[in-house]
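These are the structures in question, set out in turn.
Both complexes shown next keep subunit A, but they swap its partner, so subunit B is in the first and subunit C is in the second.
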Partner chain A sequence: MSLPRIAGYALAAVVLLALPFAGSHYEHFLLNTALIYTLIALSLVILIGYAGQISIGHAGFWALGAFASAILVTKTGAPFLVGVLFGGIVAAVFGALVAIPALRVQGHYLAIATLGFALIVQQTLFEWESLTGGRQGMFVPRPSLAGHEFTDDFGYYYIILAIVVPFFLLTVRLPKTRFGRRLIALKLSPLAAASFGVNRARYLTAAFTLSAFLTGISGALYAHMIGHLATETFSLITSLSFLTMAVIGGILSPVGAVLGGIYLTVAPEFLREFKSLQMVIYGVLLVLFMRFLPHGLASLPKRVWTGIQRRRALKTSSALPEGRSHD
Partner chain B sequence: MIVQLIISGLAIGSVYALLALAMVLIHKATDVVNFAQGEMAMFTTFLCFALLHGLGLPVLLVFLLSLPIGFLLGAVIERVIIQPIATDPPVNLLIVTIGLFIIFNNLAGAIWGYDPHTFPSLFSKEPMDLLGARVASNSVGMIVVAVLVMGSLYLFFEKTREGTAMRAASMNRRAARLMGISVPRVWMMSWGLAGAIGGVAGVLTAPMTFLDFEMMVAVLLKAFAGAILGGFNSLPGAVLGGLVIGLLETMFGALVSTAFKDTFAFCIIILVLMIRPTGLFGRSGIKKV
Partner chain C sequence: MTDRTPHLFVRDLSLSFAGLKALKDVTFSVPPASIFGLIGPNGAGKTTLLNCLTRIYTPNTGSIMFGETRVLDQPLHAMSSLGIARTFQNLELFGVETALDNVLIGALSNTPVSSIADLLGLPSARKALRDARERAHAALALMGIAEVADRTVATLAYGVQKRVELARALVTEPRLLLLDEPAAGLNPDETKALADVLRDLRDTKKITIILVEHDMSLVMNVCDELLVLDHGEVITQDVPAVVRKNPKVIMAYLGEEDSDAA
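== the complex of A and B ==
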């Protein structure tokens, strides 16, 4: 690792550790929310950015993680961290169950299957009153570690950070591994990858399961932060907001996932005055980003840089009689 | 009892069939799965609703107007939003149709409110006699309208120059272009036609379920199930798939459980993908390298 790189990581670590000291209660809550969203955005970077598949039902996996952890902790008194892990595993198992049939065929069947799946999860959680509280929802205990209960979001921030950062590094690392390279090969050319012996269905199912696992963990962390779960939180709108966040941040990069997480936390604060038009703005942003900045905010610096360089190149070439600058 | 169930199953099935038809039409022409199809249909229905109450136009006229309104909506979306990114990766196009879903869904709520509205039916409220059973006139009317739309679509594709050009372009884009067919025009036509068919599905659904901004979300899922059952690349397959889903769902609702009717469509999707992923009429794609 080069020196500037180490310095960069060290700086990021210091900033992340110091951040909560600057804010108030509400800002701690926003910080935690941003981290929880970042984890979902990371799961979508793996799924959409690396594997080239799409999910319109991640709220379903988020709900499974949240309710699984909440139910385990309240009904059996299991420790908080066990609940979080359990949330991730439940989401991953259901992820595999949805992906296995849907990924046997080429095309966008996974997107359709996840859309249906998320609607079913929400409906089932609503109807299953004895387990989830149905219409009333259910209360979730605050996170606790080794007998110490974290009653405010200041301490909880560090727990979430300790869980999200390894997943961030995993997502950064993934494209350099055998598994990640195969996923990207499948996205770029399914035929070429298959002819080199990459099993499409198996690798994409693994990617989807991993993605559902991350989202399940995020759901569990959310449940213990928010304290009360209501099934209407996990609607289609939520799934679509997740997708918007991942696209706007930048679907190809883990840094984009962080930007996306910040965006989804901050945007409602600014868009609140637009009320019912808030989601319309999300949709318009989604369409505009796909048209003009398909790799999201994370690609903006590079985009601006190449733009400046191109303009410079054009200036020097326009001195020539047959410059292409007026095309 | 059984006749009533079959008629109401076919009636709701014809709505699924129309929406499935619209999606397969676009998919055949442009390889895009349009997730906004249901919301476009809902929005078209709301525009008709505005004409009905704003200008006081008669119900029959509003009903007929759903065709050009839907067509315009589809064609404009294709020209303005889809065409500029037509050569982008398929995932990008899919995300854009999801963006359109969000836009139409929430715009309708913002403009016309979140409460359901009643939408008048074209057909009489009196039940009618059919095969010795009393069935709802509305159900019979829905089936008749759907058959008319499908019949004219068939004639359009088989008998007109424009329709033949569209079929040619979906079979082999390159050869069609060499024959002087404008592929961008075909794409716009496909989106327009799909919008019009969706519009009819919308005005047929609204009298039955009340008109609101979420009216078409469940219908879209069932139309997907129908299209997958039919093979996603076959127009007759989409129609048959939609009808089968409507019939099975009505039977399931009457005999087993109404609360989990929506779950049922999802199970069909998974079942088809597991047993016969190419659907009843689909051919498995063979790609040349």
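== the complex of A and C ==
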């Protein structure tokens, strides 16, 4: 690893560790929320950015992770971390199941299939009152580790950080791995990838499973932070806001996932005054990004840089006395 | 899997698309370590046959034996592990990636790595990937395009892209190599270099090469045997010198308004 790179990582580590010391209780809550959303955005980078598959049903995986962990911990008294892992695994199992339609249909049809999945999950959780509390919802205990309960979000931040950072690094690494290279090859040319040994069914199933696992973990972390789960949280709107977050951050980039997580946390704080207009603003933002910055905020520095370069090149060429005229 | 290249036997292959018969009872065999030309007028079924041999299409009837292996029982993604690799008529490259990364996908097809080691970046996986990258570099060098390794493949000239595709196929160390019009878009010098490469692969690596090609001088020059197709049917299989004089072959070509034999 190069020296600037090590310095960069060290700086990021210091900032991440010091961040909560600067804020209030509410800001700790926002920090945790941003990390939890980042994990979802990472899962969408893997699924949409790398594997080239669409999902507008990620609220379903999020719900499964949240309720699976909450139920296990409340009903069996399992430790918090076991609950989180269980949440990820339950979501992953359903991720593998959702991959089945993905092997047959693509594009709009897959989008509809994932949407249907999320609606079924939400409705089933709502109806299954004995397990989820149905309309009333259910209470979820605060996170605890080795007998210590984290009653505020300051300590919990470090637990979430310790879980999210490895997934971030994995997502960064993925395109350099054999698995990631072959997954991306499958997106770029399914025919060529398969001709060179990539088993499409296996790779797409793996991508959906991994993506659902991350989102399930995120759901579990969310459940223990928020303390009370209600099924209406996991609606189509939630799925769509996840998608918006991933696109606005940058669907091809793990850094974009972080920016997306921050965006989805912060935007409602600013847009709250607009009340019912909020959804319109989200929609317009999404359209604007798709049109003008399809690779999201993460691609902004490069875009600005090439823009400056181009302008500079234009200036120098027009400054030349014998420059070609445009007539 | 043995190192010896086996015989390829194709028997009674038929394929229809919506009632149109693209292949009719195609039977032929290809001896190991030979260059085998597949020729015929446009629409004769050459690419369709190639797509059957590489499991992109599934014929309605017939069998394909590569040594002891029933090729039609295998899925598309098993081709590279059977030692079957190909290039595509209209290029199937990963356009936004570099030439090296394109060839690397070929190299990774026969680089087994455990998933855990791969995802965690353990030393065994790192070494496997480094080896694969070296082989990809070597394949590009073999095709004489080592200098474009880090260029985005979509920005390269057509003839260079064709060589990247060939490098991606060769890096898998195939025993059967299927090339769909490899000389299209190449200049005479490049075509001559290609002919040398093909002969060298046959003689030193004992690879069987099946060549679909419209460039008749190349076909007549390098092929050990030719199979002539017309309207999905086999007209004849023989050495080039004999095929050239076959009246049915001449008819098939002259009967077409778009004569590629000219």
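Worth a mention:
Here is the rule we go by: the second predicted complex is superposed on the first by the 311 of 327 C-alpha atoms of A that agree within 3 Å, B and C clash if a C-alpha of one lies under 4 Å from a C-alpha of the other, contacts with A are read in each partner's own complex, and residues count from 1 in each chain.
By our rule, contacts are C-beta pairs under 8 Å (C-beta built on N, C-alpha and C of every residue); 3 or more make two chains touch, one makes a residue touch a chain.
Note that this is a predicted model, so its numbers are computed, not measured.
In the superposition on chain A, A:Y282 contacts subunit B only, with no contact to subunit C. When both complexes are overlaid on chain A, the residue A:L191 reaches subunit B and subunit C alike. When the shared chain is aligned, subunit B comes close enough to touch A:A111, but subunit C does not.
Which of subunit B and subunit C touches more residues of subunit A is settled by the count: it is B. Of the two partner chains, subunit B is the only one touched by A:R291; subunit C is not. In the overlay built on the shared chain, the residue A:P101 is in contact with subunit B alone; subunit C does not reach it. Contacts of A:V93 after superposition: neither subunit B nor subunit C is touched.
Note: residues 191, 195 of subunit A belong to the subunit B contact set and to the subunit C contact set alike, using the contact criterion stated above. Per the touch definition, subunit A reaches subunit B in the complex via residues 48, 52-54, 56, 98, 101-102, 104-109, 111-113, 115-117, 119-120, 123-124, 127, 191, 195, 236, 240, 243-244, 247, 276-280, 282-287, 290-291, 294.
Listed in rising order, the residues of subunit A touching subunit C in the complex are 170, 173-174, 176-179, 181-182, 184-185, 188-189, 191-200. Interface residues of subunit C facing subunit A in the complex, by the touch rule stated above, are 54, 56, 75-81, 85-86, 88, 92-97, 101, 104-106, 108-111, 113, 115, 118-119, 121, 125, 128-129, 132, 168, 172. Of all residues in subunit B, only 33, 35, 81, 84-85, 88-92, 94-96, 98-103, 105-107, 109-110, 217-218, 221, 224-225, 228, 232, 259-260, 262-263, 265-266, 269-270, 273-274, 277-278, 285, 287, 289 touch subunit A in the complex they form.
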